[in-house]
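Data block below; observations after.
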Amino acid sequence: MWSVILSYIPKWTILVQALLLVVIPLLLMALFGWIRKAIISGYALHPNQASPPIKEDSSESGPLTGRYDTDLSSVRAAIGYNADVRVREFTIRGTENRAAIVYVDGLSDVDIIDTHLITPLMIHGIPDTDQETALRSSDSLQKYIANRLLPVSKLNETSKLQELTRSVLIGQTALLVEGIQGVFLIGAAQGKVRNVEEPLSEALLRGPRIGFTEKLEDNMGLLRMQGQNESLIMSQFEVGNRVKKNMIVAYMQDIADPRLVDEVHSRIQRIDIDDPLESGYIEQLIEDNILSPFPQLQNTERPDRVIASLLEGRVAILLDGTPFALILPTTFSMLLQSPEDYYERWIPGSFVRILRFLAAMLALLAPALYISFISFHPGLIPTKLALSIIETRQGVPFPSIIEALIMEISIEILREAGIRLPKPIGPAMGIVGGLIIGDAAVNAGIVSPFLVIVVAVTAISSFTIPVYSAGITLRILRFAAMLIAGALGIYGVIMFFLLICCHLVRLKSFGVPYLNPLIPYRIIDWKDILIRAPLKVMKKRPYMLRPNDADRRN
Amino acid sequence: MNRASISAEDKITTSQAAVIIINYTLGSGVLTLPRTTVEAAQTPDVWLSIIISGIIVTAAGLIVVLLCRRFQGKTLFQFVPEITGKWLAWILSFTVITVFLVISAVQIRVMAEVTGFYLLDGTPVWAIVMSFMWIGLYLTLGGINCMARIYELILPITLIFFLISFLLSTKIFNIDYLRPVLGSGIMPVLRGIKPALFPFTGYEIMLIATAYMKMPKKAVKAVLAGTTVPLFIYLVTIIMVIGGLSIYGVQTRTWPSLDLLRSFEMEGLIFERFESLLLVIWIMQIFSTFTVTHYAASLGWSQLFNKSLKPFLFAMLPVIFLIAMVPKNVLEVFKLGDIVGNISIFLFGGVPLLLLLISMVRKKGGNPN
Amino acid sequence: MSRHVRRVLLAAASLLLLISTGCWSANEIEDVTVSIGLGLDTAKESAFEKEINEQGAHYPKENVITATIQIIPPINAKKGGQGGGGGGGGGGSSPSSEKAYLNEQLTGDSVIQIFRQFSLRRDRPIIGHHLKVIVVARELAQKYSLEQIFDFILRDNEIRPSCLVVVSHRSALEALSSEEPGEIPALYLLGVVNNRYRSNKILPPVSLIKLDSAMQSGASFLLQNVVTAKDEHKFSGAAIIKGDTKRWIGELTQYDIEGLSWIKGDVVGGALKTYASRGSYTIAYEPETSKASIIPEVSGDDISFHIKIKTEGSLIEDWSFPEVPSSPQYIHELEGQFEEEIKKQIRQVLHKMQKVYHVDVGGFGEQLKFKYPKRWRKLKERWEDIFSHVPITYDVNVTIKDVASSTD
């Protein structure tokens, strides 16, 4: 009796395993918690002091004096040492008041300065009949010049030196006139900008061939042009502690969930960085989960995509200086959608979308499945296939995991090289790399031809992902899948898939679960996941975003 | 109020409740059901036993729902003290938790055995089990809503793969193996009911899940859907397996459903062999059964002691592992499964009815309407 | 070797080690040998084994069984000797470079032990996942019960239950040998089974799982018989396995199989040849559909069967000279001729079943079970004795639908 019971008492190895079973996840959780905390606490250097959306000017250097010579010399002292700051002095015709314009070479619009500033002041001047009214006081002269002599639309006045220098440095032209208290700030930066072009990263066959540019005003214009709607709200924020950049949060007032908009605002206000160079900075500073491999905000160069998202009740963020707008909240299905799905008729649209899902699965799992079948389960593949694989793999010196890693890494390197190389060389590089190296590797007996097929299919599949950042995610995860397949075979692949699923169901983007609307089951929202239902069916906006106005026809 | 109470966010919809029941129900049973029932009944009529047990289970599930609806927003562990008093409630809760733990352990062990036998010959059990349990832990830490979501993700994959693989087995299907209907009378069919009930245990999760439902009134619907789908799957399984292997072939196979798919090859179709499909969905189903029971047991402890859930989720891992490692071989695993099956039939079939009656007599709990 | 290369190799090796500690079950596909056919014979040590044993390399055994494993692809020096060094010298047949397979033979007591014994002889372990055909020699099946022979094979986790089982008239090794270059005998046997739509002389394939269920059910059953001569194979007839002993007791001829296929109503092709009444010229009929129903009749203690066979098809060959135009009358006459032939076949096979071997392999018991389950339960135990004396009547109805492409 006792011996029977005793025989069921687990051995110490089992007990150690049980202990490890609980200790390792505890350690892992502690580690992740620590990393997350370290990242966040390292970032929040001023934990209690939220940087306000528009920073107050803390200028100490006082106002301009109104005396021409003093002011000019103080301007010169402040910024005159810059090689590109130019000061042009002249006299206004008629009153013979001295005047000076201060501008930055290459940034200010010299045309405007010549034709609309210098010409009226130097050539036309203040006619004798008006001199009396104009010269009555500093104010009247200022008013007169502003009203009669400066035919430009962008005209500001200031009396602070700090503001003057700042404005000049971002491209405005300052006009100092003898006898006037303040300073005119004319025009805007006319730095070199790109024309509106077709977006490079998101090419479409059908659809508007227009993409955002680096200039925020132009981008706002593009948005307005695409979505001519009075409820499109674009509220401006200024981010960056040192380099100030304008940022626009755009949404449809009567569609977007106000709580979502509030959440976006509050997160933006917590941004604390010297200079957000690109919208990627913003994305990384406001995303939900730093440790997740999945992008939680979508970036796009296409105004039509932004408008379509706004109409679904999402929010867009545009930043000055980058053509990439951010769309949020992002859900998993968006990563595999392309605007073209909607422009084409619904049957081809759905077909292409299903194809893309398939390609995503292939891109993620194909090499892992190859490894598990070759190294672990030769019994699960068809006999004839097994035989031909055996024959082609004769003499391959590495186990399949090493073999696959070699090929996958080299193809990733190739891809990276192809992006960096100048355009005429890039494709040639791809051909050289892909064809010649692949062929040579097979001939040299380092890899099997079957693997080359798998790797090529994987690579091509990953190019079908319409969102570049999602493609990167899949590429990273592919390596993880390969490693786990190398350890546990197809069981490992299943575990990996489950792990990814677990992660995805736990992930949220701005309060919206990442896997919406796939789950929870809501038939109404399924019209736009795997298949793209006919437009006449898509009458409702996605429920998951809790739109104020659910009816799409409005 | 207390730390174990349900947060407002962690609610589930009616369809999610149904999906939880389905995924919990579908577990290791699919692989062994044909053998256990045929062994007991010795006729091909066991599909009738399956239907009958499906009906019985639905009735039991309805009783559970009726009971739970009297105590809105409370799980079994919270409302039983109101009905029976503290001590009895402790014993009952403890039994329920133990049953959940053992079910969990049996599932894990069966998974490890099958995986070790067919997929990873030679890999140590702990390597198989640990990765599995850790991922399960990662999921359960996310709460019942996350769990419901992943089951919703798994279920369609399961149904599609299942139907594909079993419909392909029509290649070796022979209707004669299912004849004659009721050739040996009704008695063997009745004998087959008991083993057919085991794989149906799953409705009992409603004892806990009802509390999390957004609309507890629709719990009946969830139970109906939650038992119909497994009933359908089991019916297809048993008919295809017996039609493919005959009742004589079924009895000698340890995992008849798996052997059914190993018994034919479709040349020309990419896969040719389809047991990998079944194994894939089956491991996923075991995963869901494991996570549900793991969560339920941990929740039980946390509500008994009125402490937060997280430490118990961690603490239950080694417990389940140790229970899973107790049986020395597959046969003992099956025996353990039978024991816990017997207990759970009584525990989740009889006790809820008793509780319902007592609570009605003592007028405890709110009106179901 | 330069130091640099050595360092790189060291790094690669350590990476490999790191990864391979993780993969307990990993076994690269090219490092295993795929066994595709298995032959089981009564013990007969090969020349190789005898020679080996003379050198003292034997282990205690009683020599019950000789197993032949057919492996592909043969590891001959295909790619400049990378394959692992030619052959390994099969005991049964010497590997020649044109052969697409290799037969390995070993003798021993237990099947599994023989299987594992192969790892002493081959550098690559043999896997059974792709085993397609198992050939059992008649002699072995006569000596031992199939249950004993197949016990390991049914338990194994690698061998799929979909594997085909056939019986060879002579040794299984012969059935698994072929002189045809490039031909793999195991796949060849598998391919012939698929010709059922062309001939009703082939039995429905019996896979391992069907064999298992047949053995468990306790009824007698048939296995396809393979006849070999000069390393060529032919499917001919069937081996009868007695239900209670699970041993080989006799054979049915091709002709019997034809008759049996009419009784079972599973004719999906083939040709029925007989001689025309006028002038005894050859005529042939190609069945397209056939239906058979076995109707058990029970009155009191007496059991009888009636078989109704209906078939439709076309007149496919007619040697009549001078040609007779296909008038309805003539067709009707031929139909009668074919009916007679079918009856003749049935008569013969029934005689063999009832009188010669006393086995029921035509599914009569099953029909009785379907219709009179209670009666069946009483008779089950001694059914084959009863069956030997049961009167069986039959009527055959042949309809010639068309006369193929020619109207003469």
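Think of it as A, B and C in the order they're written, each chain with its own count starting at 1.
The criterion applied here is as follows: a residue touches a chain if its C-beta (ideal position, glycine included) is under 8 Å from a C-beta of that chain, and two chains touch if they have at least 3 such contacts.
Treat the numbers as computed from the prediction; the structure is a model and nothing was measured.
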Closest chain to global C-alpha mean, per-chain Cα centroids: B
Between the pairs B-C and A-B, the one where more C-beta pairs touch: A-B
Length of the line joining the C-alpha centres of chain A and chain C, rounded to whole Å: 66
Length of the line joining the C-alpha centres of chain B and chain C, rounded to whole Å: 41
Where chain A and chain B are represented by their mean Cα positions, the distance between them in whole Å: 45
Where chain A touches two or more other chains at once, by residue number: 376, 379-380, 383, 488-489
Touching two or more other chains - residues of chain B: 119-120, 123, 127, 265, 273
Of all residues in chain C, the ones touching two or more other chains: 25, 160
Chain C - residues contacting chain A, complex: 12, 15-16, 19-20, 22-23, 25-30, 32, 34, 36, 72-73, 78-79, 82-83, 127, 129-130, 132, 158, 160
For the chain B and chain A complex, residues of the former touching the latter: 12-13, 15-16, 19, 115, 119-120, 123, 126-128, 130-135, 137-139, 142, 146, 148-150, 152-154, 265, 267, 270-273, 275-276, 279-280, 283-284, 287, 314-315, 317-318, 321-322, 325-326, 328
Complex contacts: residues of chain C adjacent to chain B: 24-25, 154, 157, 160-162, 207-210, 212-218, 366, 369-371, 373, 376-377
Residues on chain A engaged by chain C in the complex (per definition of touch): 373-376, 378-380, 383, 386-387, 389-391, 393-396, 398-402, 445, 483, 486-489
Chain B partner contacts - residues on chain A that touch it in the complex: 7-8, 10, 14-15, 17-22, 24-26, 376-377, 379-383, 385, 488-492, 494-495, 498-499, 501-503, 505-506, 513, 515, 518-521
